[in-house]
Amino acid sequence: MKEIRYIRAITEALSEEMARDEDVFVIGEDVGGPGGAFSATKDLLEKFGEKRVKDTPISESAIVGLAIGAATQGLRPVAEIMFMDFLTVCMDQIVNQMAKMRYMFGGIYKLPVVIRAPCGGGLNAGPQHSQCLEAWFAHIPGLKVVMPATPYDVKGLLKTSIRDDNPVLFIENKALYAFKGEIPEEEYLIPIGKADVKRKGRDVTVVATSRMVHQSLEAAKSLSNEGIEVEVIDLRTINPLDKETIFQSVEKTSRLVIAHEAVKAFGIGAEIAAMVCEEMIDCLDAPILRVGAPFVPVPFNLENFYLPNTEGVVQAVKKVMAY
Amino acid sequence: MKEIRYIRAITEALSEEMARDEDVFVIGEDVGGPGGAFSATKDLLEKFGEKRVKDTPISESAIVGLAIGAATQGLRPVAEIMFMDFLTVCMDQIVNQMAKMRYMFGGIYKLPVVIRAPCGGGLNAGPQHSQCLEAWFAHIPGLKVVMPATPYDVKGLLKTSIRDDNPVLFIENKALYAFKGEIPEEEYLIPIGKADVKRKGRDVTVVATSRMVHQSLEAAKSLSNEGIEVEVIDLRTINPLDKETIFQSVEKTSRLVIAHEAVKAFGIGAEIAAMVCEEMIDCLDAPILRVGAPFVPVPFNLENFYLPNTEGVVQAVKKVMAY
Amino acid sequence: MVKRETLLEMFYLMVKVRRVEERLLDIFAQGRIPGFIHVGIGQEAVAAGVCSQLEPNDYIFTTHRGHGQAIAKGIDLKRFMAEIYGRRDGYCKGKSGSMHIACKEMGVVGSNGIVGGGIPISLGTAFASVWKGEKRVTVCFFGDGAANEGTFHESLNLASLWNLPVIFCCENNGWAQFTPQKVYMKLENISARAGSYGMVGVTVDGDDVLKVYEEAKRAIERARKGQGPTLLECKTHRWFGHFAGDAQKYRPAKDIEEARGFDPIVKFQRFLIESKYINPEYIKTVEAKIKSEIDEAVSFAESSPVAGEEELFNDVYV
Amino acid sequence: MVKRETLLEMFYLMVKVRRVEERLLDIFAQGRIPGFIHVGIGQEAVAAGVCSQLEPNDYIFTTHRGHGQAIAKGIDLKRFMAEIYGRRDGYCKGKSGSMHIACKEMGVVGSNGIVGGGIPISLGTAFASVWKGEKRVTVCFFGDGAANEGTFHESLNLASLWNLPVIFCCENNGWAQFTPQKVYMKLENISARAGSYGMVGVTVDGDDVLKVYEEAKRAIERARKGQGPTLLECKTHRWFGHFAGDAQKYRPAKDIEEARGFDPIVKFQRFLIESKYINPEYIKTVEAKIKSEIDEAVSFAESSPVAGEEELFNDVYV
């Protein structure tokens, strides 16, 4: 095992996959040189050369379109979009083209495209650089949506995403880029669509994603001191959703809290709550509570009021316990 | 009262508001001449002249951007985007600009922009011309999302939307354009954010939107013959959501089914189910079921298998009744 | 000079595209095709002039008005027709219809229902060709209206910058749906926009198949030799409405009449006859052959079943 | 000839912008400002040359690197600074920071964090001005990198087509974040793209405030007279990194040194002194005045509180 930052785990995954498969290339704004805005692609240009590390103009639709076209011919592009908020300037390519092409054309294409994009607040980056929009993409058939929370998961899942023959939206979290964690020295993969029970517990299930996984673990720790044992499930993949792991846990705990950083209303927590309510309502001993952001744009300097946090999870858990 | 088609009710609303307020103008592709792809703006060019009926290039981002800028200066643009699927080519303008501008700039602007766009299948228009994407926009603070199902509602709500000082995404349904219904001769308005109980019933609440309102009413009719009395709530507005009307009904019926044409997974039905499950789970006598499209792109010629329909609502209602 | 076989091939393709679309209008008017279709009658010279000189493994991208290019690129008429009918044996198993024909074997990468939506993707096949050291060129067809979408701009810039082997073929029929060109852009020649990217731009009479052939040849050669992309604008005329059933009330009758005066088939046929390449007898044979191909395609399509519910769930993911 | 007051005003603005941004770099390095900031040190002549001749009710749109233009347009330095600090008395109540300054009274319609995001919106204020029969012009600032976004294309086409009174002012500093111009476009002059829209395009030495002034004057006059938009490219130099804290390791030291050699303030100051408009004493006075303005702004900002939680929910809807 070794300790590594989330951002460097991404770099390792890219580097390993590029070494393993000559058809993998990275493309995006500033991905050469210093390795993009957050240095995810650092040193790849030196290692793999200009053929496989493609610096582009600021033209997100062209970036994604090129990736799609190249993928129809067997290449395996990994496109970087600098902030998740900028996916808005290439939504047609993602949603109407990439997601639908295989279906629309009768299955003739595989589309092994990965689009990496960081979500989230915590950096005081303001309303146009802090959003969590995973719910949009989870609503679109044809895409897979991956959203890892730890260095270990980000590396294993990015490697798997690159090997997947379907388009994958790979949502990183910029507030986690500097976060450190252990990973094995040797190669490993993590399957897409498999949630991870990050902490076992008998009383309440907390399903969380991305940064909120860490807040939930913190919450679980402090609640444990009060005798409440929380099971924390890190979803890791938003689509396909690992219903089984969630359901098994809820069956055991009978209490569910969902925590994500995205705006609560119409977020992915709604789907999880609705699924449980549809298929196992009788298991529930309490309402399903959701912890998410309020219905306002992400403010520059009021993030401390805006961002869902540990305390929010603690309160929600206590509420379902007290019910 | 008079009988009118849904599409002509739209035209009337536009025409009346343009006559009433000189700052209202329509803008979009082909909106002059024959009045756009679906003739919504028919005859407006003749009536109001070129100043107020603006035919544009095929440049959706420029259309929406212009509307936003004009709105900051007190004009009241009504932009037409020909199919809801094409909102993907101007998402940044809608989501990062229009929705956030008031908040982002400390409240200095009012943004009375209406974007009209038709959703939905039923015309065999294929995967890129049939989507229902209302869930995306409902997730974005700063937008209002309106989605009427009848000529009466579409007229009254479009008029109110034009008078609203906030950006409104006004989602029409192209399969309903030819649908006929009664409206008053005299002027009327319908408030945004108010659901409509389209049929009263004691046994099951069905919350529906757009085309599925009609399917739900049909379902209710046939179920009534079997002694099941369904209450059909037409949401009419997705955001703000009329929680009160939904909750009151569920309190009475204790059973909830939600029906929309959008893909079921991560659709707006999830939010409604989650809300109910969060705040009034103990009222429920059965799981909350959702009727929505399967997780596949909209197929050209398999719409009969794809589209959520009356039978789907009937089945769901029977299931919650039998529970 | 253009070789005789090529001339005859182009003639055949033009007549074939015309007759197929005439038949489609017919069938559509009878309500036998679901959804909507867009025909390019009057624009056949562009597809024939360009596609007749492409290799089978070259790539093309087409639009909602893409029947002609796909046929000229050599797709199978039966599966094409079945797709438009929405039947199981169609190219997309009936799931996509007229607007979304694709045929991997013949390099028809895909038709697109989003105006300008295919342009960015065409960069990718061109990129892959260079990557693999192949000499395959990509032709991306789009309309005059599409030249005002942001994707046009982003894509042409990137293609020129990276010297990609792609020909951006703008089929300028003077109309974007119900709106004539002068209402939505100031320039007369879209090819002038090539200058914004340091790219070669040419405008050609798109109703003259020989001229299209010639300029397309240069563009294709440039691309194949690694000399970069071309913006090739072919000025042509749309005879019918935007979609089948559009009565073109917004369009002066004179304009339609004039458009029909530019008939590329009449023009080319006259040339071929005057130059003694063909005679009226030959034309009859060609027409007969085409008719039987179309008959066969239609009956193939009509006898192919609509897929069952199980097909709904196929091909969303690998 | 340019009037003396105008010359002095431009000088004042350039020095003010420079000193404000120097102070911002300082404060930022001390960790007193949250988030990130982008300074335009070295580019002051563009803002001053353009904005000094705008009326208070003319409109400007700015970008992430927009301090200079906003200051030159006349916003209040105290509220500006408070916004960058994220404080309650900032222009946006502290909710948006450096990237999103807006001031309705002074026509700073809004700064934008999305590259190319403001360009379409600038059409709207220009449209409204024509609509109301006012003679207000709109200046939309953006960078060289932004000229490859689709919105640039769509917006310039529409502006030209409708003859809108807008000046598209491309502040070309040769870099888009970490990437130099030649890596992302073939053309040297972005103004050449004006031809794609039938618009006037001009490139000017953006480090020479008099040249900027002159060309901007023509463009503004054209716009005010209803003669349509202009694409005005000002070639200038970015001295510092893309954002404060960016050490520019990707950039040759020589390039940075050269950039600093183009100092627009040094150049203009020399001219003013040689032409006897000012003397060293005058400069000292200006510097002193600016220093006290900045000191005042900083202490205003630092003594303004951060808004409370209740502010979180304000201004989402009317």
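By written order: A, B, C and D. Residues from 1 in each chain.
By definition in this document, a residue touches a chain if its C-beta (ideal position, glycine included) is under 8 Å from a C-beta of that chain, and two chains touch if they have at least 3 such contacts.
A quick note: this is a predicted structure, and the numbers were derived from the prediction, not measured.
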Ignoring chain B, which chains remain connected to each other?
one piece
What whole-number Å value describes the gap between the mean CA coordinates of chain A and chain D?
36
How many angstrom lie between the centres of chain A and chain C, each centre taken as the mean Cα position?
40
Approximate Å spacing (C-alpha centroids) for the pair chain A, chain B
30
Interface hub residues of chain D, defined as touching at least two other chains:
92, 95-96, 100, 112-114, 117, 148-151, 154, 157, 161, 184-185, 316
Listing for chain A: what residues touch at least two other chains?
56-57, 59-61, 85-86, 88-89, 92, 96, 103-104, 126-128, 141-142, 295-297, 299
Given which chains touch which, is the overall layout a line, a ring, a star, complete, or other?
complete
Touching residues (chain side chain C, partner chain B) in the complex:
34-36, 85-87, 92, 94-97, 99-100, 112-117, 145-146, 148-151, 176-179, 183-185, 249-250, 306-307, 309, 311-313, 316
Quick check: in the complex, which residue numbers of chain C touch chain D?
148-154, 157, 160-161, 184-187, 192-193, 195-199
Which positions of chain B touch chain D when the two form their complex?
51, 56-57, 59-62, 64-75, 77, 92-93, 96-97, 101-110, 141-142, 144, 164-166
Chain A partner, complex, touching residues on chain B are 85-86, 88-89, 91-92, 94-96, 99-100, 103-104, 126-128, 133, 135-136, 138-142, 239, 262-263, 265-271, 273-274, 276-279, 281, 284, 286-290, 295-297, 299
Per the touch rule above, chain A residues touching chain D in the complex are 29-30, 32-34, 37, 55-61, 85-86, 88-89, 123-129, 294-297, 299-302, 305-306
